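What follows is a group of structures, each given as structure tokens.
In the two complexes below, subunit A is the common chain; its partner is subunit B in one and subunit C in the other.
And now, the complex of A and B:
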């Protein structure tokens, strides 16, 4: 420390004993408890925590945009010398957007759907006197250029629905930076974006804030992301700060047990599936690769799904319209018995279309799908529900909450496929079978009577898995089964899936956008892009020696801790 | 422009269906036109003669064919009760109904939309409670009852409003016809006296119909405004420091209007139905009371003409709403 630095530096943002309460029917609930946090000018701080840790609520409290039920119960928020916890609403309004601004998760929803993006940027600049009616247009276009929107003058007139998710996030960034605020709060800015987009968005934020000398508060569930982009990381658990350290330190020597657990559960290069579980957890059965000569269970040959172009021309000209969109464009692969195969790609690459076709929920356009030696591509989806093969191909869906009927208890949800497809014999021992399945997936039997909203995310995921394996299927299609889960829950669920496969001898098709998660569970991976397979091979080979540029790009896009 | 043409073409099958169904319905209804007009003392021959004159003795398909052929020439047939061509009757009476319905719709929108929005913005305030009361009242009171109640209170007891006997009282003369809407015509002729007289006559029937239309509009306004206010983009707007006025009017209001617009089409069709009762209560010389009288007299031509007119009105109104929707929502423009 130099001599000139002896004057005590005043933090830009200073939270002391911040407590936020929410009024609920069961009385007040403290979402944030006595949180203290200091941020210097120009510093980038990450708040990391799992869902319900209070990280977002903390940032909303700073902006004073808590919803009706929430209030700051105790503590102080001081922003460059100004106390904010009791500041009048009019003063806060001047501050928001000009001094402190925010970037949100789900950028498309964060923009007004029926106002052009240019006008939305103008609104903010006009509000804070950063532009006049005459200059606003030019300044908005300039802002669009700064967030690297190509053809900015043209995109000024675009509506959010005409832009991709990544572009919408850049617009939101432009909106947040338009008035050159001192503090940027980024609340899960990259969640829901593709990995490659994630990387460009984060780099853009880092660069723009560094040039402006701004401070950034990054709120994320991803410890890796926080460590890669932040100077300092604050870990929150159940409304409290449990650790606050420089990012390098937190990775090398995590002090708090919770941080250690979080760190362990985060998929990272070099860690196996079992390494994700907390230390001392009972080790499952050893991970075994299937014998290489196992017979193929599913063979897909030159599979195509084409959709007609959306109607742009008038109906009498439709005959001469452009060729249909090929969402899946002639892919071929095979899954052997007892094997798990990962299908990786970014949104729009055709991976979900592929899994829906394999599930026989939609018709294919061309190609063949052979399951256990039988051609199932010819069976229309409607007829397939009555096929004896229906029970042998099952699926675990992406969102564990949305894929459960809210009026069914866990038991009823698990019993559903048995009641529909199991025949009379299976119905006799229904209760016993449900309990057995609950035992298999590690769901306590006493929870079987609960409704989905009474279960946690991880428990709902277990119900979804139990439902999929209820009929002893041969092939289970896992459609991003852990994307909506916290990392620690993800670690447990991935291990559970591995154990189930070893015990029941199923094959998996694991559909995901995240190579690092796929790697943990899969023997082989298939990388898709724009409806085609660009690379497929043994997981270890693809990860270590990717042959295709796109695979390399995907691998490089994952945030790397220091 | 092409969108409009396409939409009008698309409405043709629906109109053809309406023509066919009303034709068949009026034919299967009990009651014999010929014997009704021949009078109770008529002989069998004279009834048969009238039937032959009206063409009612021919087979149904032929009657239908003649009817459609006449329609194509713009001939809706003759009303037997008034002795006038139906087209002339309808053009004379339609403006009265249109004026009443539009005025009621405008009044209802003018009250219900601000009320619904206020109720959503200030949840639990007096506006919210008022909104709830209005919605409940509007839904639970039948139109003829509110009509009679208003007449009883404002005409019979208080004597504030003129006798509920038509569009103008007996001593005033109608303004020169331009649009057929008295309020508009009297203003065009800058005849304030007539304007005031017409407005006074309209007040009660418009209030009756308006109260009926108020409920669904207020309810949808409140609901959609609440949904929009909790949307992510409203949070973004608030987090950017935009003023509450700007957030509510520019960001929330325009988005919240989309479902309201859809409801308006539905409310309009309810109003057309309710119109018939209100016109009866207030002796309003509109098409609704005309059609009911014709129906009672088994006079087919006016009934068919009325239903067809309403169908065309409804198609035009929905087209207008869809165009307006496209104006507000860029996403709807894409699909059009």
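And now, the complex of A and C:
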């Protein structure tokens, strides 16, 4: 997008040598170091980086909402000719919301839960004198219409908890755009959303900002997303800008080695699992498909999980009992020995309910779960804890931080299944086994004594994997094991999982919302929607010739770089 | 608009951290030196502890020995806090009373910590009827004015120090049970608890090894905050004539005895034990705030 006016081009936002320091006990730490960045009016710029790169801190510095420990140590921030780095708080308050707006990652947390969404939009407009008491309501409804909320006049009265995540994010966008700001800062606006919702939200943001001639600063960890929706991409690493180029250029010819590494680690069409690792990394064992005649390990037949409907209406108003909600609605599939199967679907499709049922953490309502020829669906979850089968089905959890007891060292966490289920012989060689497992998952042995908060995200993921494979299980359920990780760490962890499978002969059920990640690891995929399986088949076939519309929609929703 | 703001996770060039114990100690030192109020609270706490342990050996006079010739003497060099109506040295009595008041407070808090904490954790973790029973017990206790309830319990069980301890513990039960219940409920669905189920831990083992250790720090803050209240409660019961009996030195009784002399101008009889009481409560409340900073992971950087 080029602006063709004759006036000299003054950037709307001009950061020069911006340095942000945080006071910590170990002395000041520079989270952002000498960052310079210019944004023209009407331009969409993406700041891309992994966690800790300082991308969010940069945007907080522009909004001047750094927390107390942080301060702008050096450099200048000029917004349409106005220096912001030392502007008084009162001036900033007028600026925020009216000239510069922000969208946050978690839309639900950004909305006041006890105020209707319409009133929240009114509040912003009234605060900045953009509407009067008389016109506010009409303006708020108009804003809701602009962010394509269906039946806007009705939704004006809705509370945030009555709306879906995607709708909440649209409300947040309406809030941010209500006062017609010149600059919109979007901090990971779609990270918690499904891919199809991500697409609609991003298209909405780019369209609204283009129509209004606004500038947008998109902060994201996803290079693909930034490249698809931004004119220019700025790559940050450890508080510094390492590359700043047009998004087309950055994809075709990345200049900085870090950008190249990031680009390489991002799952993309045509790249295999090994292609994600940095060049020159030792190649693992070759990826091989399981023999097609392998016996089935897990057979699921017409599995159903139904929850009774919540009692919303009062008892005298309620008519005939409504049918229960069927979170999982009669699904059947099988996993063969040594096979990896992907279970894909968006939030609320029943994939997590399915995996929790297979793990025997909750009861099924109907149907059968046969594991290695035995019916395990009949064993109640509490009894299953003591069953010898417990050791043979294990799980790797979504959030590596949440799934480790904060007071257990890495070694204690890995040892837990051995202590509980391993028997006396295994307990005797505990320390040796823990070290062996640490070696298998590539966790340095000297880190075994550390507590979770002293480990990085990737290291925590390795501890979680080591714990899951400690008892040589036959089936491991991977519940979005890389969703909380940076892409470069995700690449390494996915490769690790592949190597472990080849060495230990396990089967995987990989539960994920992302077809492009599942594709890398799985021989077959199952696509779920509203509790039912809409498509299943060999990965390559489903990816190349999807038969169901929903699968096609999922595939098309992934951001495509220019 | 509010921003969930985080300091970058990995500080560039941060040194690898030493062991946990050393880290905890450094953190405690940081909190104390970083916040002078907490430092004062810790200093007061050690002073109280010193009085409680060494008080009876260090005081200049026998706290029970009366000396009617010197009754109601104003503070002087010989009697810094003055003497009471029987000529007993108030300084000695105030110092010696520390042990009794602290013992009652600590014993009752330990008791309620164990009972209330365990009941609350079980209620939060198991839910269902356990939750209902514990919840209704707590509600019943909360339905009474707490001090009146404590009076009633001591009056019914008998006028002894043990019963003051029991009464104070019962009165504080809902606080602990509710806190523990809320914390356990949050952690019940945490990933690490699910993981523990998968590794073959039974429900009780999960409760004791996974949930309880993780809520202990939060409970510890509550301990400090209720300590002050427990001291006040014990002194209050003695003040109205329940529990400890004269001539035992105890802050509540001393204030009660001194109250009648205030009108006639002998202010020191009630003032100094009252001041001791105030400082003790003050100290524990400040200590609670300091402890919260120590255990709060947000402040750990």
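Definition applied: the second predicted complex is superposed on the first by the 546 of 562 C-alpha atoms of A that agree within 3 Å, B and C clash if a C-alpha of one lies under 4 Å from a C-alpha of the other, contacts with A are read in each partner's own complex, and residues count from 1 in each chain.
Here is the rule we go by: contacts are C-beta pairs under 8 Å (C-beta built on N, C-alpha and C of every residue); 3 or more make two chains touch, one makes a residue touch a chain.
Just so you know, these numbers come straight off a predicted model, no measurement behind them.
With subunit A as the common reference for superposition, the partners subunit B and subunit C occupy clashing space. Put subunit B and subunit C next to each other and count what each touches on subunit A; the higher total goes to C. When the shared chain is aligned, subunit B comes close enough to touch A:95, but subunit C does not. Of the two partner chains placed around the shared chain by superposition, subunit B and subunit C are both touched by A:65. By the document's definition of touching, neither partner reaches A:485: not subunit B, not subunit C. Residue contacts after overlaying the shared chain place A:15 against neither subunit B nor subunit C. Once the two complexes are overlaid on the shared chain, A:106 sits against subunit B and subunit C alike.
By the touch criterion defined above, A:217 lies against neither subunit B nor subunit C after alignment on the C-alpha atoms of chain A.
Once chain A of one complex is fitted onto chain A of the other, the partner contacts of A:239 are limited to subunit C, with no touch recorded for subunit B.
By the document's definition of touching, of the two partners only subunit C reaches A:31; subunit B does not.
With the shared chain A as the reference for superposition, subunit C clashes with subunit B in the stretch 235-243, and the other listed options (235-243, 253-261, 289-297 or 325-333) are free of clashes. The intersection of subunit A residues touching subunit B with those touching subunit C, taken from the two complexes, comprises 63, 65, 67, 96-97, 102, 104, 106, 109-110, 175.
Those residues of subunit C lying in contact with subunit A across their complex are 1-12, 14-15, 17, 19-20, 26, 30, 190-192, 194-203, 210, 213-214, 297, 300-301. Residues 2, 6, 123, 230-233, 235-243, 246, 250-251, 254-255, 328-331 of subunit B are the ones touching subunit A in the complex.
By the touch criterion given at the top, residues 63, 65, 67-68, 92-98, 101-102, 104, 106, 109-115, 123-124, 127-128, 159, 161, 172, 175-176, 314 of subunit A touch subunit B in their complex. Taken together, the subunit A residues at the contact with subunit C in this complex read 22, 24-26, 29-31, 51-54, 56-57, 60, 63, 65-67, 69-70, 96-97, 102, 104-106, 109-110, 175, 238-239, 359, 361, 381-382, 385-386, 390-391, 394-395, 397-399, 402-408, 416-417, 420-421, 449, 451, 453-454, 456-457, 464, 467.
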